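In what follows, subunit A forms one complex with subunit B and a second complex with subunit C.
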Partner chain A sequence: MARRIGMMTIGSAFIFFLILIGLQEKVFAGELTEKVKDTTDKIIAIVSNQEMKQPDKAAERKRLIRQAIDERFDWEEMARRTLARHWTGRNDTEKKEFIFLFGKLLERTYLDKVEGYSGEKVNYEGETIDGDYGTVKVGIMTTQEKSIAVLYRLKKKGPDWFVYDISIEGVSLINNYRTQFNSIITKSSFQDLMKRLRTNVEEG
Partner chain B sequence: MKKFSIEMTVGLFMVAGIICLGYLSIRLGKLEVMGGNSYEITAVFSNSGGIKTGSSVVIAGVDVGTVKEVTLSDYQARLVLSLPMDLKVQEDAIASVKTKGLIGEKYVEITPGGSEDIIKPGGRLRETQPAIDLEQLISGFVFGKI
Partner chain C sequence: MWRRDKVLGPLGMKRKFFSVILVCCFFSLIDIRLAWPGSLSPFEIAMADSKAPHDHDEEYYEEVEDEIYDPIEPFNRAMFVFNDRLYFWVLKPVAEVYNEILPEPLRVSIRNFFLNLLTPVRAVNCLLQGKIDGFGTELGRFLINTTMGVYGFGDAAAVCFDIRRRDEDLGQTIGLYGVGPGIYICWPVFGPSSIRDTIGMVGDGFLNPLYFWPQEAAYRAGISGLRVVNSTSLDLGEYESIKKAALDAYVALRDGYHQYRKNKIKD
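What follows is the complex of A and B.
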């Protein structure tokens, strides 16, 4: 009898162990993927919400999308990387205004595309972690069954991970704006870049 | 005595000639002896676009170094870039494989970053942008806009 109970204990311990391994895999396989997926799901939920599609809810919808993005994107890091060597010479007020305007520029450029979501599937294809840096590979299936490769680059800040660059079909967002901004600053000045950004944001 | 002196002169002349030839080969062939005054960093690309050893590394359109090695590592292209010792590459610099003109040769362009952390010799340039597959882009445009 005692032997039987012993066997049962070993058996249940083994099953418990298996469950634990299973759970661990679920929890730890893809920490970064989970973070990106969480934000993406939140945005999809907002843009798919029929109630939110009413014209009078447009501003509220934009605010909610921006809020979801803000939780996962490190705007300061993005702005710093975009301005690159021109960042160091700026004072705090200029930096703050640039971060704000850069965020608005991206919002203006990409929000319409996000809002045009029409049921595209998002496949999470893997992630890499290298110290404080990581990437998450995503494939977005268009309605024409074409896959668009998107790569999120994340950096660890404290206990959490934040996105600082997105590459779409291999083209980096930061590199694109870095080249453009550098060309404007070299040709004229940082003030001119800010003026252009302000006009761009006001128009939107 | 006189004979010996002529032989010596010819010998010395030959040695001098060989040294000159060696110097010229090294300079013209851009060979590096004893490490030279350059250092190496690596960069991993998901697509190198067929870049070859000896291709240029460019910053702001200026040739600053060469691609020293191209290998496959975990189904990705691993490039070793050789750069001059006095050139500092920031940790957030971005390396991208580009093409000279539409069908020209491939080269690596580095867009300098603003970070205070500098990539050490033997270090890795983390931010890379693969070669753009023009054919794929055109097919995407033809068969369905991306």
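What follows is the complex of A and C.
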């Protein structure tokens, strides 16, 4: 019996030790996290501002959110990556129009998402930097106790970092659009892709 | 059995129960330890993995496509349209009425209850994948949520102890051993899948208590229906926004499924 109690003490001490190690809080406040956090905080401030929720402020609200996203997102890089091998064959006018339309589509998708913001918690879970590329991992806790893993991919341009891809639960936005665009172009044509893009953006 | 109990006595049983709890706590602690800073967290391991050449390759215009093979696309597209109609004409209207009747916290609890029942699927697949810590986590979660969480309606393990569910299934297990998805299949009602994941789904069925209980098929169907309507009611609007953002919703869903499963197998 005594031996058993001795074992139990050692056992509990060991578990206590493990808890202590586990409790060491580590604060992530890297450069990239700050960039993403700055933009996210700005957007959350706009969407949770009660005054801005008035119907007559809707346009102003959209403009402010758009501005905050534009500062951090690199639409051209995104456009290039989604067209991938089809990018090189395009002339400047086509490229310009594509960047504009694709940017609008992404902006609207993002806007629709943040418009529905209802107090979800955003946790910054770490970042990696490798040369001119970096990632920021974010966990979003929904009001339904569901956690969503989001990964921002950033690229350094000059002194600043810009987002060029967002992965949600492992699904990269850019990869997803690339697959869609490639399928449309190979089955029909680049012109058809542009036509569909235009319709989608106008209907938005 | 009767004899053994008598020999062990009530004290012996208690001790047994206590040591099971201790073992579970121990395993879940390993999990917390792994997920927390200080050592290499699963995230860092995943990160090391995702430093794939495509991130740094300046030649990304020539990027190799990683798409799921889809030789039965005409059939799949037809099923996609069928599921789309099923959602907008049947499932969504029903879920909207259901939404009106039950408040959200109650619907979250019902989802938790079903997820708790599916613990055997996740726990066994953790074992099959050699994730002993995950097995401990699932066992610990089941004990905590069934008791403290009252039959699993509350996710006490996540709320009080931050012990999160480990989503493992047979499709992922088979994938971990190097088997690819085969071909893409869009099943009517069940939606996006692959050969591998269909086999996995059938295999996991044997570990799903709702396949055996209750014995009357009508009740079983009713419970499955409740589960589907309940989970739909919590995700209303998600399918719509995917569709709205897509230029080809069928391809968007197919690729989304492929990427999602690849990521699940990796972690």
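Quick note on the criterion: the second predicted complex is superposed on the first by the 175 of 204 C-alpha atoms of A that agree within 3 Å, B and C clash if a C-alpha of one lies under 4 Å from a C-alpha of the other, contacts with A are read in each partner's own complex, and residues count from 1 in each chain.
Quick note on the criterion: a contact is a pair of C-beta atoms (placed from the backbone, for glycine too) under 8 Å apart; a residue touches a chain by one contact, two chains touch by 3 or more.
Just so you know, these numbers come straight off a predicted model, no measurement behind them.
Overlay on subunit A: subunit B and subunit C clash in the combined arrangement. When the two structures are aligned on the shared chain, A:N175 is found in touch with subunit B and with subunit C. In the superposed model, A:I148 lies in contact with subunit B only, and not with subunit C. By the document's definition of touching, neither partner reaches A:F73: not subunit B, not subunit C. Touch criterion not met for A:W161: it reaches neither subunit B nor subunit C.
Put simply, more of the residues of subunit A are touched by C, taking subunit B and subunit C as the two choices. Of the two partner chains, neither subunit B nor subunit C is touched by A:F98.
Contact with both subunit B and subunit C is seen for A:A84 once the two complexes are overlaid on the shared chain. Of 61-69, 133-141, 151-159 or 205-213, the subunit C stretch that intrudes into subunit B once chain A is superposed is 61-69 (criterion: clashing C-alpha atoms). Shared contact residues of subunit A, touching subunit B in one structure and subunit C in the other: 80-81, 83-85, 87-88, 130, 133, 144, 153, 169-172, 175, 178-179, 182.
Only residues 11, 15, 18-19, 21-22, 24, 26, 80-81, 83-85, 87-88, 105, 108-109, 112-113, 116, 125-126, 128, 130-131, 133, 135, 137, 143-145, 147, 153, 169-172, 175-184, 193, 196-197, 200, 204 of subunit A touch subunit C when the two sit together in their complex.
On the subunit B side of its complex with subunit A, the touching residues are 46-47, 90, 92, 94, 96, 111-114, 126-127, 129-133, 137, 140, 143-144, 146. On subunit A, the positions that touch subunit B within their shared complex are 80-81, 83-88, 130, 133, 142, 144, 146, 148, 153, 165, 167, 169-172, 174-175, 178-179, 182.
Looking at the complex, you find that subunit C touches subunit A at residues 22, 25-26, 29-30, 32-33, 36-38, 41, 43-44, 47, 50-51, 55-56, 60-63, 65-67, 104, 108, 155, 158-159, 164, 234, 237, 241, 244-248, 251-252, 254-256, 259-260, 262-264, 266.
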